[in-house]
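Here the structure comes first, spelled out in structure tokens, and everything after it is commentary.
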Amino acid sequence: MFIAKVIGTVWATVKDSNLRGYKLQIIQPLASNGEKAGVPIIAVDTIGAGPGELVMYITAREAVIPLGVKEAPVDASIVGIIEKVDIGL
Amino acid sequence: MFIAKVIGTVWATVKDSNLRGYKLQIIQPLASNGEKAGVPIIAVDTIGAGPGELVMYITAREAVIPLGVKEAPVDASIVGIIEKVDIGL
Amino acid sequence: MFIAKVIGTVWATVKDSNLRGYKLQIIQPLASNGEKAGVPIIAVDTIGAGPGELVMYITAREAVIPLGVKEAPVDASIVGIIEKVDIGL
Amino acid sequence: MFIAKVIGTVWATVKDSNLRGYKLQIIQPLASNGEKAGVPIIAVDTIGAGPGELVMYITAREAVIPLGVKEAPVDASIVGIIEKVDIGL
Amino acid sequence: MFIAKVIGTVWATVKDSNLRGYKLQIIQPLASNGEKAGVPIIAVDTIGAGPGELVMYITAREAVIPLGVKEAPVDASIVGIIEKVDIGL
């Protein structure tokens, strides 16, 4: 899993029918110093993360697991809201 | 999923027979500031995106799901047309 | 597998229920000169690695294998504690 | 899929037995301006691409599909010869 | 597959039990000019590559195939020893 910040939302009326009903969030992956790392990702959120919150997200095939369906056209999902990161070494 | 812009098309007469019939679009992944990020991708489009439109795309194994077949030699698909991106944090 | 250093931990009370009970470590991938390479990763640790230790980690679908379950929303796992790296060429 | 140019070949007598019989090509992924992007890839070619030709290639699990076998130790395959790329936006 | 050089070995007594018995090599991915590209990788070697040799390696799910088991916590395997690379375009 990786660390990201919820930075926005996305509107897409025309989309694959298997994506309907999922809450999509735009998240920005972060480096260990809190700087942006790479491009933003559109992730499905089944956790209920709010704008600006730090989250853990998961990618690829495993991103479908939190959705409770056998398969979905989803390759990124938020799997946790991070309360505290302790990086000390 | 990631954010990209439809930037062109590709002609390939000689191709894997399992690719025939799919509409291929060249899409350019974008960073959060709208700049190009990384190399262009050839994605299957089952949504009907037009040139210059912002889209969401999906990669890897999940890219086959919008095609409605069990498997296909496809690792990127457009899954939505983005009307509005709201990045505020 | 890749080489990383255990650099911290993460607190996430609100998380996918299939993640409960796993020990999560923040690991920093390393380049061959020992410098940081890329962003930190949140990995499941079934090995018992301690802070500051060098570890081997595995990504993607295979990261679920050390957990002993059929599937889990996990895309990175620590699979070994590195005692010595011998890079000589 | 991504865009690459066939730039060479590779000789490997000692190799996994499941790789025997496949034609291997070295391909160089390209950016939208035609510059090299990232490292060269060794891809299986079931299409018959020639040196210097532009090709589409596919990665990961889907790269096995063009081979017509259930599984093979292959993570990149050429799936089309590109006649023309039209990038206009 | 990608091109790498065998640059070292790794000692890890404490490791996932499904990794025991595999020969692990540290390999360095190379760019087309022979320079290092990205971080070193720990790959399983079922081929018998020696220090300093150029190899082809495979990643992700397909990396398990050379091992002859149904699944293993392995995401990189050496699948061939490269005798000659001919890059001419």
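Labels for the chains are A, B, C, D and E, by order of writing; each one numbers its residues from 1.
Here is the rule we use: a residue touches a chain if its C-beta (ideal position, glycine included) is under 8 Å from a C-beta of that chain, and two chains touch if they have at least 3 such contacts.
These figures come from a predicted structure and were not determined experimentally.
Common neighbours of chain D and chain E, by the contact definition above: there are none. Rotation angle for the C-alpha superposition of chain B on chain C: 145 degrees, rounded in steps of 5. Averaging Cα coordinates per chain places chain A and chain D 31 Å apart.
Averaging Cα coordinates per chain places chain C and chain E 19 Å apart. Of all residues in chain B, those touching 2 or more other chains are 38, 60-61, 63, listed in ascending order. Here the chains make one closed ring, and walking it from chain A through chain B gives A, B, D, E, C. Contact residues on chain D toward chain E in their complex (touch as defined above): 5-16, 18-19, 24, 26, 28, 36, 38-43, 51-52, 60-61, 63-64, 71-76. Here chain D touches chain B in the complex through residues 1-3, 29-32, 37-38, 46-48, 56, 58-63, 65-66, 77, 79-89, going by the rule given at the top.
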